[in-house]
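Labels A, B, C, D and E are assigned to the chains in the order they are written; within every chain, residues are numbered from 1.
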Amino acid sequence: MAETDSPSLADVAAPPALEARAVTKRFGAVEVLKGVSMTFRRGEITAIVGDNGAGKSTFMKVLAGEYRPDGGELLVDGRPATLLSTKDAQRFGIETVYQDLALAPDLTVAENVYLGRELVAPGLAGRLGVLDRPRMTARSREIMLGLGARLKSYAVPAQSLSGGQRQCVAIARALNWARNAVMLDEPTAALGARQREMVYGAIRGAAARDLAVLLISHDLPQVLELADRVIVLRQGLAVADLAPRDVGVRDVVDIMLGAGKAA
Amino acid sequence: MAETDSPSLADVAAPPALEARAVTKRFGAVEVLKGVSMTFRRGEITAIVGDNGAGKSTFMKVLAGEYRPDGGELLVDGRPATLLSTKDAQRFGIETVYQDLALAPDLTVAENVYLGRELVAPGLAGRLGVLDRPRMTARSREIMLGLGARLKSYAVPAQSLSGGQRQCVAIARALNWARNAVMLDEPTAALGARQREMVYGAIRGAAARDLAVLLISHDLPQVLELADRVIVLRQGLAVADLAPRDVGVRDVVDIMLGAGKAA
Amino acid sequence: MTPSTLDDGALAAATDEREPGLLGRLGGATAFWMALVLFGLVALFSAISPQNAFLNVGNFFTIALNASQLTLLALGMTYLLGARQLDLSIAANVVLASILSAKTITALMPAPGGNALGAILCGMVVALVAGTLFGLVNGLLVTRLKLSSFLATLATSTIGLGAALVITSGANVPGLPRVLQTSFGIYRIGGVVPVPVVIALAAAAVLWFFLAKTRFGVRTLAIGSAPEAARRAGIAVDRQLMTLFGMMGFLCGLTAILDISRFATTNIGGHQTDAMQAIAAAVIGGTSLFGGSASVVGAVIGALIPVVLGTGLVIMRVDSFYQLIAVGLIVIVAVAIDQRRRAGQA
Amino acid sequence: MTPSTLDDGALAAATDEREPGLLGRLGGATAFWMALVLFGLVALFSAISPQNAFLNVGNFFTIALNASQLTLLALGMTYLLGARQLDLSIAANVVLASILSAKTITALMPAPGGNALGAILCGMVVALVAGTLFGLVNGLLVTRLKLSSFLATLATSTIGLGAALVITSGANVPGLPRVLQTSFGIYRIGGVVPVPVVIALAAAAVLWFFLAKTRFGVRTLAIGSAPEAARRAGIAVDRQLMTLFGMMGFLCGLTAILDISRFATTNIGGHQTDAMQAIAAAVIGGTSLFGGSASVVGAVIGALIPVVLGTGLVIMRVDSFYQLIAVGLIVIVAVAIDQRRRAGQA
Amino acid sequence: RDKVEIAFLPGQVGIPFYSTMQCGAQKAAAEFDVTMSWAGPADWDVALQQPFIDAAVQLKPQGIVLAPTDGGALITQVQELEAKGTPVITVDAPLNEPVETQNIQSNHRLGGEAAAGAMAEVAGDEGSFLAIGMRPGLPDIDARVEGFVETFKRAHPKAKLLPIAYPETSSTKAAQQVAAAIQSTPDLKGVYVTHSAAATGAAAAILEAGKRGDIKLVSFDADPQQVNDLRDGVYDALIVQQPYQMGYDAIRTLAGLIRKEIPRASVEHDHFLPFVVVTQRNMDDPAVARSFYTTTCN
């Protein structure tokens, strides 16, 4: 059984922002998560690494309320919580960037950034739900520029964006709304060098704002540089909880693949 | 105007496998490609790098017959060619891995690998188009294992695969069918360390098989290690044609962003 | 060999803040083109119809009157299609609501000569409530039981029609007060504008506003564009769909009111093709069958085109069999050109 | 702190080569569940119907006979839906093909008493060719003019019906030889199995084979699952769609043959709900409206369920208005349970 | 007397015409000790009626009354039934070949002719006239249209007939077509409608155009609403069939045949019931009022 809790740098007295205990998840006959436990503390960047198909995305979707776990429990701020939907997770201030992004292709960039939390005009018009499009566009541009993405127009539909631009939209959305925790599933896979730097900066900023940050990434050198803790998932099990200072990329890969065992 | 032809290492006498001359492409009012010229020679790995939104994917789609260029011309094996559809490109032996992969989510892994080129049973049954599913599955497994992807089942629909597994399917397909050129748009973005190594190995193998290889990637260190030529695209223009031996990541980034000019 | 910078295109300085995305998504371009087609048809019929029979205000409003019910239904369908849903039960809903409404009115009618206003108002409320409830039942089947809206509304269509027939034993409800017709259903405000036209246009204006300008519209299209993404973004997809189905039901109730007040009777057998017509009107106007893009203006135009065609061809004395062929051909040509136009732009 | 390996689950050694994906995609699970529903209904009606009126071979084949035309249409629709297309013009196609066929037969008929076989065969060929051509026209509109199949076939539906009416001046074609009916349309092989049932089952078997076993089936579903991906994979999407629309048209021609030979007359005024019924049968059987998954067996079952229900309820002397309600409710319940079952598995 | 079992297969249930027929049949069933089943489709379509016929045959009734939704389709089946000794009487419409024991109908063609007479009487025989069908291919409705058109053309050569309109069962479409006709034909004098949905649509269009009284409206049938409308001056004449009598006669004859109280030979194949032409002037005559359709018996 996985036991990834470790007396980390963060204040042990404060309950973790998010905690998973012995979470299991199966699809049909295939058991994808075999009992994963993990804690995520405020101000800490926790990275999850693992081979393709290890179950990283599945685990994150459980935390996001997208999948219901078959077993185990989730705790938010130390209290057991049942996340029946992504809306529940958002109510707890947990925001997510999915590996497949989840943009509405027909909607504009600004509308995608504000999807589900549109800015409305002041006064009566706002009561009717009238959008404040200029402000949505202006703010979206700000956020996107902060991530290094320069767009010609914020009124084009998301489907006409390049791969990296799309990824920036998804990241912008999550970082803009998270209050408790933000979870990012390979957020920089499609990003250029500059954008990647800026996104990593934004992730550091989120941690500094006292959010719990969960980062899934295959970019091991970056992960080791950025994360406070690195947890290795292998075939549905959390097999290691590493401190980045102490390990190299080679070590992590070995653990990911189950080739050598570090002690 | 871009002028990226350079007397490279490859034999100048043989016509390039694929050549683009002054290709332009606009979407509505936005000019995405402003006249891009490039040659791809057999046995050579040509990398295209550039900032997000520079036009890399658009350029590749023009080469793949997915978009029709607004101006300029394409040459295959030195002869002008009009690619009206991806089918035309395939007829010339050009295979493509798209950034957004293009799998059929409801079809199985094996069916996706063989999509459009299904294996049929021998004899009369084959004349009727009866599939040889066992052989398709067995061969798919082989190819996928060669890329480091281990799947529990090759009969699950592609939509239930993890991000990296999906990417492997798309790569497997392209590498399996290319005869003249293979173009890969950020093929390793979702891959784990081991898979990435194996895919790079496969790409080298493709070049060794005398294919022209076009690689789009944001992983600059890897690109510099792997490619024979690195072409930098900036805002729809090919602004530099570099020999990887002579430059570092920093130089490339500077050119990508237009910050400094190397001469 | 040293790296060589070959060119350095100037930065495209101006950022472009027009809203092509919005226009496209709201089916604006198609709606605009179809409006041209509509005006072209009107001009054509005006030019060639004998004795200016086509080109006069009275005739235009008669056409609008005949399109008013379809317009209401097409509006609701536009929202539903925008959200990747549809409602095949609208005919049954209209029939059921009109029957309940008519039953109410005839039951509450005072003695002849008395003031029927109270009874009529009650009847109207009944129609709207019944229609909305019917729509909400569809919504429940789609959101709770997770049925596809196609199957769910096909089934409630059958059930609703069955219920209507059981209630009436299959006969139309007789005895509606004539005043309902004369001072509402076919009354022309200022002697010119028929009441149903005003109602349909008002509904169109309100729904245009909500689709183009508000959160409600954006969320509707978000659900249609990518249901998963909308759900993940925390949009209460189920509640939104309930609202949309309820709204469609409300519009069915409104249509039922117009139906009984125009014709002073119910018409149990007469709405069979309503759902198809409403979907066709919406789609001709630029709304996508696969969600994510919708146009209220287009729906109004899409509802008008067949009526204009029908009226014009009757005025031209085209035999009704050839009319069918003509309508089909014109739709194909108009839509095909729109298609080509859009492909050219992309 | 040193890195600590906490656990090392053993490799799941066995790779699983069953084909859940295939079964699911071919709508197998739903088809299986709907088959259970069908048998349940048969058992129920057999148990409670008076005088064993339901439970006898003759009645079963009568039911199959009544479902045979719908089955043919549902088969074609299953393929089209699998490829994310649909055909709303099948009713017009059937009517037009049956009229042309009937006209041919009556024109070629020898003097009374002569052998009508030649005329009948010519008529059948005409029906098949006309139906196929009609389908190919739909295919052309979809592939060349890039119309959505919804709008294209809605338009050709109108045009086709108009053409049929122009040809016949609106009257059904009289004077078909009775032998067509007695020795084909309602003839029972061995006194038991009606010819139309054999034809429908044969068509189902062939189409099942092609969908489940061949390249043609995989490509059809690939197009429906992700048209872009199919195109990029070099599948000749347009040619495949032409084939599918042509096939649907051929099946319409076959249906037309059954129609005129069962009823010994054309039925211009009927067939209006054919398209909806065919789509419903396919969808009930587990075919997705949004492409990528289709079930031939399901389509057959989906075509049988309403006929079994109808016949059973008539035998039970349930009033036809209540029948409508019952059919709707049963569809909802059956599909909702299927939905729940599938959600539970995922 | 033993009970006799008879299956009555109407062409469409619910509409007042058949409900009235049902009342007549029930009356006769009670009088002549008949167990009668009554089942038919909710819409007029041979493919929809077929299962009802099949199901009824499964129960092996002693006699069948059938309102055939198609004159050609059901011939063979009726022939087989007759051959097996189950007498069949068709009502409302005949089969294309006289294979059944008897056909009781009000010849729709004659109805159309009667309508032509009534129209000429109320609207004169000059100017333009419009006849409205339902959808082509329905023999009864088509016969009503043809009877009108041909008689009117022949008897009133000065009158102009507009192309026939086919609004299906939609009042809205009917209203649109009539409105267009009014628009384009200033001398439109009369509209003849063959079914009630078209009638309501036409009435609304005439009213909307402010032409009530100027444009005469003659309709088939006498649904309760139509009778009200006749009184209110919406219609100028109604051509009324006798469905009650049809139902009554069919059951009476069939019961007699099965009990062999009536010799088969004495039953003539064709049994025509006359039409009643109702106008505002004669509608209060009790003999005429008896022919109005009802939705419930008594």
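Just so we're on the same page, a residue touches a chain if its C-beta (ideal position, glycine included) is under 8 Å from a C-beta of that chain, and two chains touch if they have at least 3 such contacts.
Since we're looking at a predicted model, the values are computed, not measured.
Trainee: Shared touching chains for chain C and chain E?
Mentor: D
Trainee: Rotation angle for the CA superposition of chain A on chain B, to the nearest 5°?
Mentor: The superposition gives an angle of 180 degrees.
Trainee: Among the chains, which is located farthest from chain D on the basis of C-alpha centroids?
Mentor: A
Trainee: If you average the CA coordinates per chain, which chain's centre is most distant from that of chain B?
Mentor: Chain centre farthest from chain B's centre: E.
Trainee: I'd like the Å distance between the centres of chain B and chain C, where a centre is the mean of that chain's Cα atoms.
Mentor: 47
Trainee: Taking each chain's centre as the mean of its CA atoms, how far is chain B from chain E in angstrom?
Mentor: About 72 Å, centre to centre.
Trainee: Please compute the C-alpha centroid of chain A, do the same for chain B, then give the distance between them in whole Å.
Mentor: The mean C-alpha positions of chain A and chain B differ by 29 Å.
Trainee: Quick one: chain B and chain D, Cα centre-to-centre, how many Å?
Mentor: So the centre of chain B lies 42 Å away from the centre of chain D.
Trainee: Mark out which residues of chain D touch at least two other chains, giving numbers and ranges.
Mentor: In chain D, the residues touching two or more other chains are 12, 16, 20, 165, 170, 272, 319, 321, 324.
Trainee: For chain A, write out the residues touching at least two other chains, lowest number first.
Mentor: 27, 30, 151-153, 160
Trainee: Spell out, as numbers or ranges, the residues of chain E touching 2 or more other chains.
Mentor: 13-14, 42, 136, 166
Trainee: Mind pulling up the chain A residues that touch chain B in the complex?
Mentor: My answer: residues 27, 30, 50-53, 56-58, 99-100, 148-153, 160-165, 168, 185-186, 189-196, 218, 220, 249, 253, 256-257.
Trainee: If we count contacts the way the header does, which residues on chain C are in touch with chain A in the complex?
Mentor: 12, 15-22, 24-25, 210, 213-216, 218-219, 221-222, 224-226, 228-236, 292-293
Trainee: So in the complex, which bits of chain D are touching chain C?
Mentor: Within the complex, chain D touches chain C at residues 88, 141, 145-148, 150-152, 154-159, 161-163, 165-166, 170, 272, 276, 279-280, 283-284, 289-290, 319, 321-329, 331-332, 335-336, 339-340, 343.
Trainee: Sort out for me which residues of chain E touch chain C in the complex.
Mentor: Where chain E meets chain C, its residues are 13-16, 19, 42-43, 136, 162-166, 168-173, 175-177, 179-181, 183-184, 186, 196-197, 200-201, 203-204, 207-209, 223-225, 227-229, 232, 295-296.
Trainee: Give every residue of chain A touching chain C within the complex, in rising order.
Mentor: 64, 66, 85-87, 90, 96, 98, 102-108, 111, 115-118, 120, 128-131, 137, 151-157, 160, 173
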